[in-house]
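Next come two complexes built around chain A: one with chain B, the other with chain C.
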Partner chain A sequence: MLEKLATLDRRWLFLVMAIAIIVPLLVPVSLPFEASPPVRATYDAVEALRPGQTVLLSIDYDPAARPEVEPWARAVLRHLLRRRVKIVMMTLWDKAPPIVRSLINEIVLGEYNQRRGYFAPDQPGGRLAQDYAPYRYGEDYVFLGYKDGKEIVIAGMGQNLRQMFPVAEAEREGGDKIPVARIPVLSGISSLRDFALILEASAGFPGAKEYVQQVVTRYRLRFAAATTAVSVTDLSPYYPEQMLGLIGGMRGSAEYEQLVEAPGLGTSGLNVLTFGQIFVILAIVLGNVIFFLQRRLRPRSSPGAGGGVG
Partner chain B sequence: MKQTLPLVITFLIGTLMVAEFFVPHAGVHELTALLQEWGLVIAAAAFVLGGINVVQVNIPKIARRERDWGYRVVLIGSALAMVIAGFIPASVFKPETGAPLFGKEGIVFTFLFDYVFAPANATMFALLAFFIASAAFRAFRARNLEATLMLSAAIVVMVGVIPVGEWIWSGMPAVKQWILDYANNAGRRAIMVGVALGAVATGLRIILGLERSHLGD
Partner chain C sequence: MATHEIIGHWILIFLTISILSYLYADNPFYKLAEHLFVGTSIGYVVVVQWFDVIKPNLYDRLTNDALGPARIVYLIPLCLVLFLFAKLVPRFAWLSRISVAFVIGFYAGQNIPAYLNSDLVAQVASTLAAVTRATKPDATWHQMLGAFVLVVGMLSGLVYFFFSRRESGPLNAVARVGVWVLMIGFGASFGYTVQGRISLAIGRALEVFGMNRTAAQAEQLHGKLVAAVCVVVIFGIVAFLEHKRKLREAEAERLAAEQEKRENESR
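Our next item is the complex of A and B:
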């Protein structure tokens, strides 16, 4: 029996894992949880922004990391809109521009400008900015686009943002790119130092670590980032000195959603994570129980083992 | 000359880039900004070079029907489809209303990105969940004291991350945070400082011409 369990076909494990992931998607279970200090610190930093201040939001992830990091990107974008701050978006990842466009289309143009979803004032929990007016491209927000060069771009933006991004993306596809000198939202912004806050959704390289190493410490910038859970251990040494906030994985995203009172993909994903993680823990425990039982039984069953006893 | 010139260039540019951190002179900043722009141009050129390289490596293997040549056809075909969909100007086949057919935000490119690339990319990442489950059962063993410590810390952090941890014991997230803030950070910082010192030493060796492996030595 023990031998059979020890050599269990791994497809059974795959099946149980699949069930652990699919069931919570079909039957949502929500357990209460509290926001951790690094997440709350990020929320407080956004909450402290004054209307009209300019924030840089760098979207640096690909579709693979979308489930973990995008819930935060959506939640923080909603939060920034509610705070009525000016938003400059950009990316250092070649696969991210369509993601940024979808965020703009769904949240800025869809939800906020058309007063739907989270911003619908007639819905329970509707969170509209007090001084509501639609966000206009170039005046209230802009997408600078994608720039390759990794750390060079980050270091360059620390010195001269316009040199790294001389033009911004057009508002609509097919339009001409806009010289940054003609973009009102960038008036008074010449380098990263001019942003009230820098936020980044980071899924790896180049990401939060490169921001810290290249510019955050050097220019004493106010910087917070959301990362995949696997990167948290890498970045936690930077909190709270270099990074004023750190949102780790799906749990961090769910915590931020809770703070902005907009449960979304992070909160529902946390349910899935919970069941998946419980199964992994059970697999570790079961694997070790079998391991120790086998070790205990082995000397008795095999006469040659046990250091010559008997 | 073949050796000396690259060494001189490395020395001059390396020294200038380091000096930029310590010399608050506008001229130095302008010069380093110019070099950074050159860096961007090289990075952009690397994309083109990468594309040429993919074609150069794969086309002959397809022609010779080497092992897995079918996958190479898919690779070249997919790359071509994305390039064509993105490169054709949006003004071509632009309807009166709605999104254009081509261009990097056109219907074709968006469709390929949203319904082919994104699910395939996410699937590769999601497969990890299954392999982690298998590895957890088969490989994660408390064989000795170090492994037991790592195992215990991992379980506490895993339980602390999910809401069930708080449900079991309200102090669980605090314990998880303590492990991250103290045990993890202590180790990480030690590694980071070591790596940073190593990077400084290697940088100096390259600038001073003591390290020449990048020149093919």
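Our next item is the complex of A and C:
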């Protein structure tokens, strides 16, 4: 029995993991959770913004990282719209521009400007939105586009934003790019120091670590980021002295969704995540128990019989 | 929903299940999905790099008459790029070192002060700030405990990497504490990595089942049904191919054994 378990085909584990994910998805279970201090700190920083202040939202992830950081990107965009702040969006990832476009189309144009979904009059966004008026491209929000150059671009934006982004994307995809000098939302913004807050959805390099290293520490900027779970231990030392807040993976995204009262993919994924993690913990415990039992039951070689050292 | 969106979603389901079929065994469905992924990724990146990087930063500037003779300066980055490709010609491979040296020098100059500032100076300041907070009269017990763990963990971790210490003595005992601190750190990293990977699997499942869309859209997509059909068809074919492969291997082994037996008998 023990031998059989020790040499169990790993495909059985894959199958059980698939079941542990699919069953809670099909039969939803709602488990309670609370926002952790780094997530709450980010929420408080956004909540403290005054209408009309300008915020930079850097969307630095690709489709592979969507399940972890996109729920936060959606929630924080809704939160920023609710606070009626001006939003400057950009990306340092070449696969991100279509993601930014879809965020703008779905949330800014589809929800906020149409007063639908989260911003419907009877929904939390609709009730809490300040000074409601449709967001206009160039005046209330803008997408600067994608810029290659990784941390060099971040360092450059710390000195001169317009040199790094001389033109911004057009309102409609494929339209002529607009010189930033003609964009009202950027009047009075010459570098990263002029933003009231910098927020980033980060899935790796270049991401939150590069922002902290290149500009945040140097210029003492107000900066918070959502990252993939795998990056959390790397970035934790920066909180709270260098980063205002830190949202880690799907769990952090779900906590933020809870704070802005916009339960979405993060919240529905978090319950499933719990079952997946319980299975992994059980598998690790079982594997260790089998390992130590086998070691104990293995016949000991008599002294002098073997020539080994241990 | 438009028909092309529904068909697109079904292709998404087929490709997702094809990629996951690798967990059972390597197979043609996985290879098809893998090659499609690599091809489309490279195609996308090439187009983006041309239109968002090379064209605006180099081509448009070199061909812009308004810049006058000054635009000749953009030939320098062009040469540096071309030098990198010189590595393909052994006779001129040395030229690539100029470009590599430029890149390394530039990045070192940019990053070394940034690392020192954010990861050393600012981190020491953060540690001291935590200790200062914990020693104030109004400090809470968890601030004090946190500062204690922070300082002890940091110092013992550093002592572990002090390799010229003796294998016995007080420093060794501190280093053993450091090992425990490092192990807890690695454990936390592993836990977060597992969390991240499960999140990705959940993300795929949500997308396959259409749960990231509205209820009306999800109903039109029939994600669960299409996924079930794909699982049955793909895994059925893969299991059949795997079975045939094992039969072939067994047959080859049997023939080899018979051959060996005949050779032994003939001797």
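Here is the rule we use: the second predicted complex is superposed on the first by the 293 of 310 C-alpha atoms of A that agree within 3 Å, B and C clash if a C-alpha of one lies under 4 Å from a C-alpha of the other, contacts with A are read in each partner's own complex, and residues count from 1 in each chain.
One rule holds in what follows: contacts are C-beta pairs under 8 Å (C-beta built on N, C-alpha and C of every residue); 3 or more make two chains touch, one makes a residue touch a chain.
Because the structure is predicted, anything quoted here is derived from the model rather than measured.
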item: First, second, both or neither for A:Thr233, with chain B first and chain C second; value: both
item: Touched partner set for A:Ser190, first chain B, second chain C, both or neither; value: neither
item: Chain B versus chain C as contact partner of A:Arg218, first or second or both or neither; value: both
item: First, second, both or neither for A:Arg66, with chain B first and chain C second; value: both
item: First (chain B), second (chain C), both or neither touched by A:Gly269; value: second
item: Which superposed partner A:Ile278 touches (first chain B, second chain C, both, neither); value: first
item: Partner chain(s) touched by A:Glu34 [first = chain B, second = chain C, both, neither]; value: first
item: Chain B versus chain C as contact partner of A:Val153, first or second or both or neither; value: first
item: Winner by number of chain A residues touched, once chain B and chain C are compared; value: B
item: Which of chain B and chain C A:Leu25 touches, first, second, both or neither; value: second
item: Footprint overlap on chain A, comparing chain B with chain C; value: 14, 17, 21, 64, 66-67, 95, 97, 147-148, 152, 155, 218, 229, 232-233, 237, 249, 251, 273, 276-277, 280
item: Complex contact set, residues of chain A against chain B; value: 8, 10, 13-14, 16-18, 21, 31-34, 36-37, 62-67, 95, 97-98, 101, 147-150, 152-153, 155-156, 159-160, 163-164, 173-174, 218, 229, 232-234, 236-237, 249, 251, 270, 273-274, 276-281, 283-284, 286-288, 291-292
item: Complex contacts: residues of chain B adjacent to chain A; value: 21, 29, 32-33, 36-37, 39-40, 43-44, 46-47, 89-91, 94, 99-100, 103-106, 109-110, 113-114, 117-119, 121-122, 124-125, 129-130, 132-134, 136-138, 140-142, 151, 154-155, 158-159, 161-164, 166-167, 173, 177, 180-181, 184-185, 188-189, 192
item: For the chain A and chain C complex, residues of the former touching the latter; value: 11, 14, 17, 21-22, 25-26, 64, 66-68, 94-95, 97, 145-148, 151-152, 155, 212-214, 216-218, 228-230, 232-233, 237-238, 241-242, 248-251, 265, 268-269, 272-273, 276-277, 280
item: Chain C to chain A touching residues, read off their complex; value: 23-24, 44-45, 48-49, 52-53, 106, 110-111, 114-115, 117-119, 122-123, 125-126, 129, 185, 188-189, 192-196, 198-206, 209, 211-212, 224
